[in-house]
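Chains here go by letter, A, B, C and D, matching the order in which they are written, and residues are numbered from 1 within each.
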Amino acid sequence: MSRSESARDAHSLERLVFFSDAVFAIAITLLVLEIDVPHLPEGANTADFGSALYRLLPSFFAFSLSFLVIGRFWIGHHDLFGQITRYSGQLLFPNLLYLMAIAFMPFATAFMGANLGKFVPSLLYNCTLFVTAVLDWNVTRVGYKSHVMADTAVRSDYARSAVLIGATLLSVAFTWISPQYSQLGMLLVPVGFRILARRERAGA
Amino acid sequence: MSRSESARDAHSLERLVFFSDAVFAIAITLLVLEIDVPHLPEGANTADFGSALYRLLPSFFAFSLSFLVIGRFWIGHHDLFGQITRYSGQLLFPNLLYLMAIAFMPFATAFMGANLGKFVPSLLYNCTLFVTAVLDWNVTRVGYKSHVMADTAVRSDYARSAVLIGATLLSVAFTWISPQYSQLGMLLVPVGFRILARRERAGA
Amino acid sequence: MSRSESARDAHSLERLVFFSDAVFAIAITLLVLEIDVPHLPEGANTADFGSALYRLLPSFFAFSLSFLVIGRFWIGHHDLFGQITRYSGQLLFPNLLYLMAIAFMPFATAFMGANLGKFVPSLLYNCTLFVTAVLDWNVTRVGYKSHVMADTAVRSDYARSAVLIGATLLSVAFTWISPQYSQLGMLLVPVGFRILARRERAGA
Amino acid sequence: MSRSESARDAHSLERLVFFSDAVFAIAITLLVLEIDVPHLPEGANTADFGSALYRLLPSFFAFSLSFLVIGRFWIGHHDLFGQITRYSGQLLFPNLLYLMAIAFMPFATAFMGANLGKFVPSLLYNCTLFVTAVLDWNVTRVGYKSHVMADTAVRSDYARSAVLIGATLLSVAFTWISPQYSQLGMLLVPVGFRILARRERAGA
């Protein structure tokens, strides 16, 4: 590869990362727009305002959860692309599909937040998380197949993907038992990541 | 050209690319905001929620289609500016017009998604795609005329533009036959791009 | 100034430019969100859809105008910061005020688009443009006073500011004569810029 | 640390800063979307439009205040990360929490703007500011503990955090006295920062 080709490749990789970062940042910040702002009549008192806010608690919960989830996926994307050493055009489409799942999150979040504890909204939300986790893994897979990332990196990325896919799948399964508490499956994510980090340090 | 002028030009080109990337990323992520979140009454059951989601299927279809279309245009913009080697102020206005068409996509998408299969919304959507393809080609044309891109690059960019203009024009024409299936014309895009890629490899 | 201080300054300038670019890109892309998507009843025919679109023509006009106006201001910001050679913390606040005016544009645009030809919405829109032009000039002024831009650059930036302030002021004045056509004053912008460009080439 | 590891760290830090900047820019620009655009009936006259705008004055006030507040927090983030010299993965989560508070600002702003002078909306707004100030300080704290910033920088950052936490806490306390004027506590911010700047120059 010539020098200028390599410079162009570095630039292409940078643009791809930048575009992805922007989509993550926009999706995470749009979450708040889906919370309807209460407009109370002129004579409303403190109790009325308090109960208006109280009715929004599910939306606040959904906002916080999705903010952390998208943030966690962003950190994962960050780690993944920190290990991709060269550009490959083959990454474009799988990355786009992954970003589509991320961009869909504000809808799934708002639908769940407006109807917390209901089966269909919880199922849609949990399935969105699961599909996002699978599409995330798919980017790693394509990066590995296109020979643009180190073999050692792939192993730890696959382990992280396994944690995410497992936790989101558990949330999907939990929906049949209790829609309201189904997201508890996601608590496996920080636990799983801590175990992986410990094992990595032990191995290093 | 002096050294510092050349550095300033590189910086101007970078800012132009960055600004365009940001508009693409925002437009693609805003698509989801146009899908109205169903708020069902307290007593709604699973069947009610299911049918609320079912009624949104056209919006989901429009969201996915536009996500892929804007993504495809972004990849094209990416390829085009990967071949522009110097900055020219003449690129600013044509690129702005092109971005205006991209920024209009969320409206056209929402109008079609809310009224799928209707003639006027489908026609507006397909015409938006067609105008976007023409304005995309126009950026290439101006880049070529201002001598900021290689002659060899122009040929392959023109071929790609021809595929996009042809496919979107076909979708416009299909609207008179079947508004609902008129976007099938867009299937020509991946087919056409695959043929171009094969021919390029054969030529190289 | 030490080497690392100079590197940190270059980085600060870059972040300032990046932040501004992002605000411009978001404001310009949000414009479309303020156009209400028509949801027609199931039995609506082509004529109904046609007239629904026809009623949106003022919004489309406002969208296109504001897109070009924000785009023009962005190009100006681009030129200005292309001539700022060093970072100064004094630029932060004036630049923030300028961005506030840019970020307010989607509201002014939507208010005018929804009530085209009315006095108050047109006045608010034209005043927003005028204030934006003044705040734009103010950034140049502070950049000059803080000794971070060349004297030669200031002269041409002031000429450009004069064109923008003059044209927007004319639009404000025109509002009393005809709210509907008051934006015609903005046509002075491309004319004025062309004259400035010609004079610059003649002088060089 | 090897050379390539150090390059990757610089890149990680840059991406973290970029992502944060994008969230700030989006949140600050979304503020305007929460102001409802008045749609007046066909026969509305100038007085009707005037009073429609007049009723929006609280929203304009809330928009301007939050724009300056988010802008001020952004400048602080800018200063903080200008002093962080190395990347640490430990910054990711505290920074994400801080950005969550920033991303929540458009909701708190809109709720206050739509119900100006009411106790609950003012309290929510002031508490959001206070929590944001605390989370901002927390990023500095973690940056210091992870040994990625100079000791001298920490002292001035802590002083700035103290000003922000103090001023926002004062606004929270003022809410019980007068919800409408409680934000006056924020006037301490520019005053406090001016004193800090003077002292720093005196010390240097």
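We take it that contacts are C-beta pairs under 8 Å (C-beta built on N, C-alpha and C of every residue); 3 or more make two chains touch, one makes a residue touch a chain.
Because the structure is predicted, anything quoted here is derived from the model rather than measured.
Student: Between subunit A and subunit D, which partner chains are common?
Tutor: Intersection of subunit A and subunit D contact lists gives nothing.
Student: Please tell me whether the contact surfaces of subunit B and subunit C are same or different in residue numbering, using the over-half criterion.
Tutor: Answer different: the two copies use largely distinct residue numbers here.
Student: Please flag the chain sitting at the greatest distance from subunit D, going by CA centroids.
Tutor: Following the centroid criterion, the farthest chain would be B.
Student: Please report how many Å separate the Cα centroid of subunit B from that of subunit D, as a whole number.
Tutor: Using C-alpha averages as centres, the distance is 35 Å.
Student: I'd like the Å distance between the centres of subunit C and subunit D, where a centre is the mean of that chain's Cα atoms.
Tutor: Roughly 25 Å separates the two chain centres.
Student: Two or more other chains touching the same residue: where does that happen in subunit D?
Tutor: Answer for subunit D, listing residues that touch two or more other chains: 18, 22, 26, 30, 33.
Student: By the document's touch definition, which label belongs to this structure's chain graph: line, ring, star, complete, or other?
Tutor: Contact pattern: a closed ring, each chain touching exactly two others.
Student: Once the touch criterion is applied, which pairs of chains come out as touching?
Tutor: A-B, A-D, B-C, C-D
Student: Flag every residue of subunit B that touches subunit A in the complex, lowest number first.
Tutor: 17-18, 21-22, 24-26, 28-33, 35, 37-40, 44, 46, 49-50, 52-53, 63-64, 67-68, 71, 74-75, 78, 82
Student: Would you pull the subunit C residues touching subunit D in the complex into a rising list?
Tutor: On the subunit C side, the touching residues are 8, 11-12, 15-16, 18-19, 22-23, 26-27, 30, 33-34, 92, 96, 99-100, 103-104, 106-107, 110-111, 114-115, 118-121, 124.
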